[in-house]
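Chain nomenclature is as follows: A, B, C and D, assigned in order of appearance, with residue numbering initiated at 1 for each chain independently.
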Amino acid sequence: MAQRLVIDPITRIEGHLRIEAEVDSRNTITKAYSSGTMVRGIEIILKGRDPRDAWAFAQRACGVCTTVHSFASIRSVEDALNIKIPKAANLIRNLMIAQQYVHDHVMHFYHLHALDWVDVTGCLSADPAATADIQKAISPWPNASPGYFSDVKNKVKAIVDSGQLSIFANAYWGHPAYKLPPEINLLAVAHYLEALDAQRTFTKIHTIFGGKNPHPNFVVGGVPMPIDMNSDTAINAERLSIIKDSIDRMIQFVDQVYLPDLLAIAPYYLDYAGLGEGLGNFLTWGEFPDTDNSDTSKFLVPRSVIIGRDLANIQEPDPRDFEKMQEFVAHSWYEQSVGDEAGLHPWEGETKFNYTGPRPPYEQLEVEQKYSWLKAPRWAETPMEVGPLARVLAMYAKGHEQTVELTNMVLDALGAPLSAVFSTLGRTAARAIETKVFADFMLKTYNDLIDAIKAGDTDTFNGEKWEPTTWPAHAEGFGYMEAPRGALGHWCVIDNGKLTNYQMVVPTTWNGSPRDHKGQPGAYEASLVGTPLANPELPLEILRTIHSFDPCMACAIHMVDADGNDLSEVATGLTVCID
Amino acid sequence: MNWTAILEFARGPFFYAALLIFVAGMIYRLVTVIGLGWSKDRVPAKGSKAGGVVMSFLKGILVWPFIPWVKNTFKRNPLIYIGGGLFHLGLFVVVFLGTAHMLVFKSLLGFGWGTLPLPIVDWLAAAGIVGMLILLINRIIHPVLRLISGPAEYLAWLFVFLPMITGYALTHHLGPRYEVMYSLHMISVNVLLIWIPLSRISHFIFYFFSRAIHGQEFGKRGVRV
Amino acid sequence: MTATKQALNAFVHETGGWVASQLEACTRCGMCAEACHFYQATGNPEYAPVWKVELLRRAYEQRFTIFGAIKTALGIDKRITDEDLQHWSDLNYYACTVCNKCSMVCPMGIDLGSLLHGMRAGLAAAGMVPADLMTAVNKQIEEGSPLGMTDSVWDQRLEWVADEWEVEIPRDVQGADTLVVFSSIEVMKFPTNIAAIAKILNAAGEKWTVSSKAREVVNFGFYQGSEENTKLFLSRVLEGAKELGVKRIVVTECGHAYDALRWHAANWLPEANDFEIIHITGVLGELVGSGRIRLKPGAFDGDGTITFHDACKIQRKGGHIQEPRDILKVLAPESFKEMTPNREQSVCCGGGGGVIAVKAADPVRYAAFELKIDQVNKVGAKTVVMTCSNCRLQFTDSVDHFKLDWKVIGLAQMVADALVE
Amino acid sequence: MPEETIAEGLKKSGVSRRDFLKLSGLLAAAMGLTNVPPVSASGLPPRLGRGYSVNRVIAKALETRPRLPVIWLEFQDCAGCSEAITRSNSPTLVNLVLNTLTIEYHETLSAAAGFQVEQAKQDAMQRYAGQYILVVEGSIPVADDGVYCTVGGRTALDLLQEAAAGAAAIIATGNCASFGGLPKAKPNPTDAKGVWELITDKPVVNIPGCPAIPEATTGTIAHFAIFGTLPELDGLHRPMPFYGVTVHDRCLRRPFYEAGKFALSFDDEGAKKGYCLYKLGCKGPTTYNACASIRWDTGLSFPVQSGHPCLGCSQPDFWDGGGFYQGQSAPLDRPELAAIGAAAAAGAALGVGATLVNQAKKKAKGGE
């Protein structure tokens, strides 16, 4: 008899996501259901607002990928009102986006994902001198002395000895699926702590241009902060120097810590190069516009749709295509005026709550009916995976030189074929590859900005269409953003200066979507199917795959059998998710 | 209930309601006054009625307020001219050329205009307040004004004075916390808005009637206004 | 009907949008008081024009505004009583010449004169008019003239004037161009004026006449504030004019009569528009300006300073401001000097509006005249010229009262004296 | 078993006495005890530091108190406040988590998960009954029996009430937990509420902001850890050290406000010269927060410094506090033309009615 595992909460992006999975007698997952259990109705709240204000509301959809919704929002409004932003503003925005990637991915790798692979207590038997030798061999990173690693080891030991493990308590330590040698564990734990401190210095670009982080400030038509080399309250040489220093630190960390660590850890988990693939369909809206937001031909990350792993036939999706870009609510707690089976393009999208699930407290959802606050977005009625893997595939297929080189380098180092990227490990590697690409792009963008300033190109705001009196009576806009977690799109409709519809299709609605009108599962649901669990009471395998999508969540997994009884008292390995 | 909530109420629904009451009230006043009937003047004119109206407005708005001392009544009661002049000057400048108030109009009308630097507005606001105090003193000590002033006159004075003094305190961060003062300011503004159609403060609308009548009468008879 | 009710009826009738909008415009600033010669002379705050129209305002607010109705119902607003009417009757008939100076200083431009007239309408309807004034009104109704100028008296006086000054005064000439209507003040007290005007018109070759029917231009109904009586007296003049088929009516040196006939008659009696109505001052200006009569330049120079008194009804309310000055510049280029203030800003003589007809008002009337004395003394004039016989009556009476050594003279008389034949 | 004091805990985790005093100084600074200058963190022997005596008090407090238990719940949140905490500068999260606090439950921090973390929470609530700090992030939706936010099949309200029952104090971090925040913005589709609206029998400290300034959250927790009391609160339950004055009061652009010099548009001459952003909609004058004094990212900047008007994110209902680019003085609702028209029509209709009555009175001669 199939067991039903209930995993709740897994957050949406930052909040609350629930997964229910059916496991067969050989402990292999046969079906999985993904459900968002928290809703705020931001789309409803946005109706009737000033489009210029929308970014602030949308931004609060997520405090982790804190800029992405703002970008999608201002771009959708700029698209609707046909606003072109100045060159320098675009460069500044690209800097902010690139910083978001580096910050987010580093934190994800170390603080959300690493402990799926790294056994903290495993480092207690490590030899600090050997660890130092490994460090020196893989990277010029300065913290490489035996004494340093000895200190780290002692610190961990002190915590373990105190019996008060604090945030490290009760995890999967010692699980047989942990395969790293003690020295690599020690190396990773040391970098876990270093990354926690280093990430605080990775937000300076946001803080300088947006005033704070999380939730920096934006403005439709450009960026809020002016450039004036002779002002103490504008972008000047002092501010630029802080930015340059921050970029250098980020690049150094990626080059000397993140990438070497990935290459040091990955060889021990090559089995995950064949697990967790999921859909094989990928979507990107593209990112890093050159100067014109809408000229996709100059994007660094192309706008693309990949169907069935076919990298030879990549199409460019049109977000304005009413037939192909649709959201479905057949299994979502919403109702539509056109019936719940029909798909709606976001410009026509409706957000009307219709909760039909069990009254809380409940044990199980009615997965044959509606079971999630997430809608099910589909491209041409096909479910899509979005995220780093989609982006790296798009850049790789388009022949982006650095991406191709890095991908080949990683594959060579692991001795794996290209097909290995369609996997849990592939996602994790793709994240590291694009981090390196975007970190270098950040430096290039910084240099471009300096050149622009030298050339007198210092405008940061286009106010021609600022006043609502200059707007058309009716306008529709699409705003994109390749969020660290994947393709994000905002569709807005403006009538008489006010938003009359606003729909956000976010990466986690793609990846974490429930089934659609045809019963097709979303990416999470599909990727889990076929995953064997060594021990259902200690489902580390589920966490590794789910976290490879970077759902940005910490999950306490409640496992319940089909009768609703507790299967176990399991502490999952996912811990210390500072993010 | 906290002051932020009170402020939101005063700036939000209360202001909204006050504004609508003001609009409805003023329209009501206009309709009832006009509805009392206007008989046609069949008397042939000696001079130009239209010219008289134009002159009356030009003088009433652009000349007399700025050179009141040419009027022989100025000497007899300078306080009323000085107080009234300062008050109206301060009021107009603060209401129309003060940044904060321009932004109110901008949000209501959809367009804005340039404003004066804060220190200038500030001094004129102070002058306006002084003007109001002079007017009050004059009203109390002048025998005619004492005779013709009832509670309505003193209430009107108070309802105009409160927004001015709270506004002044607000910009100078005097007294209690900013949002408290801001709330009081907005409440007093709302009370004023509601009070205007109920009181003689509405004279700013009927001013245009009386000036026009005045100009027309004098123009008709060929007399300089 | 009680007096109060009759007054209220009249107030209600008077209060059109025209009156209401002006009552609404009042800020009660009290500035009008400073323009009022009676307030200036006495310091009595009740003489403030705004206070004189208080009952009209109260009636309007209580009748026509919700707030006023509520206040009255709650007892906050006082209802108008007979005592009030008596009190305001005193204020309006004793201490107001309806000179409209107050409207010149009102910052809102309120035409107080018309409001004050509205007050009189109410008081008249209530019968709250000073007895002296009522006697005159009744006399005018019955005898055709308030000064006892009956048909026969009129006949004799004109006869006498024609003889005395050897002028031809055409009477009841059918088809004449111009009907000249004298006031009984001139006929009875300033007959030289009649002779002077006759002389001038004859010299100009004007086809003019007087009418036995339209023999009295004075209109005590207008002083009283009674529309009915005003119309009655106006219609007598108009009928006379109609009978003779004249084209225009010339009002001689009488201020309020001119106001009533020129600026109000057409609104009550449409036939008034069949005639051109003009004041003798306008005619004089026309004749001198066009050269139809010629004057001896400087005829009045060398006899001390001459000044001109602007009458409220003829200059400020009648617009004949420039003509007297043009004439005086010919007659006395050296000795003519202006008082301050003058023209439309001039200070009232204090005797108009029927005040001079009310014995009880004498003290305030003389008090008000003291302002005029100051004005004239300031300019050092010994001769005061004017174009209104009512002003002239007030001047001659007060010159007597104050024992002044001034010469008071009508403009027409001066013109006649300086005629070059 | 006696509770381990913070000092003992620190010692075990390899923190030296000198580092410990250094930490005390940082805590003091974070708590707004401004008479403790940064020199106390300079590494001088403590007795030579100017903040010596205050440090001693704090150090003493840390030595004698057991580590403060904390339970952290997330409801309708965006994780922005948790995210912000990771950027806390003084004290840093690492310091707090490893040395000062014992975080018993945090969906994103706890190593333990699932049933075990639930059990850990239950255990902690019993073991530390009446002693633990409950930190709440995110608003609580109460519409439709709370179906809009469930964790493990239980509603947010259910979980909050359970955890609040034994809390010594409750800290609501961020505007959502404090005042309802974004979810409560009109039309408040899920009937979201702030904690203090739901829990009235316990002291609730609000640390609003979107997100809360991390030092305000950590500083408040540290205050309780050290002194065992909460800092003085304002009328909105906000701790005075961080919410005592407005952003406007401490703003670097304030002198230009006083001088009447304003930026009229982004990137205009005024903006470049650092003029006041009031005309661009800055809500600084009514916003109580420490943005302009503590600033963000180790004092690097804050929104107004970076050219954007203050959104007013530490005030209740700031989402509905007028457009973000509408002047602070602008009314919150602009009557639609239709509303103005309706008012005018109502006035006109009443006026016409009154006129009919008045005309009737005139015809009837209006007698008494």
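Everything that follows uses one rule, which is that contacts are C-beta pairs under 8 Å (C-beta built on N, C-alpha and C of every residue); 3 or more make two chains touch, one makes a residue touch a chain.
In this text the structure is predicted, and so the values were computed from the model without any measurement.
S.K.: Between B-C and A-D, which chain pair is linked by the larger number of C-beta contacts?
M.R.: Here the pair linked by more C-beta pairs in contact is A-D.
S.K.: Return the distance between the CA-based centres of chain B and chain C, expressed in whole Å.
M.R.: So the centroids are 37 Å from each other.
S.K.: Between chain A and chain C, what is the separation of their C-alpha centroids in Å?
M.R.: Centre-to-centre distance between chain A and chain C: 94 Å.
S.K.: Could you please state the distance in Å, as a whole number, between where the Cα atoms of chain A are centred and where those of chain D are centred?
M.R.: 27
S.K.: I'd like the Å distance between the centres of chain C and chain D, where a centre is the mean of that chain's Cα atoms.
M.R.: 79
S.K.: Would you give the residues of chain D that are in contact with at least 2 other chains, written as numbers and ranges?
M.R.: Residue numbers touching two or more other chains: 323, 354, 358, 362.
S.K.: Could you list which residues of chain A touch at least two other chains?
M.R.: Counting only residues that touch two or more other chains, chain A contributes none.
S.K.: Quick one: which residues in chain B touch 2 or more of the other chains?
M.R.: Chain B, residues with two or more chain partners: 29, 32, 35-37.
S.K.: Please list each pair of chains that are touching.
M.R.: All chain pairs meeting the touch criterion are A-B, A-D, B-C, B-D, C-D.
S.K.: Residue numbers of chain B touching chain A in their complex, please.
M.R.: 110-111
S.K.: Can you check the complex and tell me which residues of chain D touch chain A?
M.R.: 4, 9, 12-14, 74-84, 86-87, 89, 92-94, 97-98, 102-103, 106-120, 138, 141, 144-155, 158, 181-183, 185-190, 192, 210-211, 252-253, 265-267, 271-274, 291, 296-298, 300-308, 311, 319, 323-325
S.K.: Help me check something: in the complex, which residues belonging to chain A touch chain D?
M.R.: Of all residues in chain A, those touching chain D are 6, 8-9, 11, 14-16, 37-42, 44-45, 50, 52-53, 56-57, 60-64, 66, 151, 154-155, 158-159, 161-162, 164-171, 193, 196-197, 199-200, 203-204, 207-219, 221-228, 231-234, 242, 353, 355, 357, 359-363, 373, 459-461, 463, 466, 552-559, 566, 568-572, 574-579.
S.K.: Mind listing the chain D positions that touch chain B in their complex?
M.R.: Chain D reaches chain B through residues 235-236, 246, 248-249, 257-262, 278-279, 285-286, 315-317, 320-323, 326-335, 339-340, 342-344, 346-348, 350-352, 354-355, 358-359, 362.
S.K.: State the interface residues of chain B toward chain C in the complex, per the touch definition above.
M.R.: 29, 32-39, 41-44, 46-47, 56, 60, 64, 71-73, 76-77, 80, 84, 142-149, 151, 153, 198, 200, 202-203, 206-207, 209-211, 213-215, 217-218, 220-225
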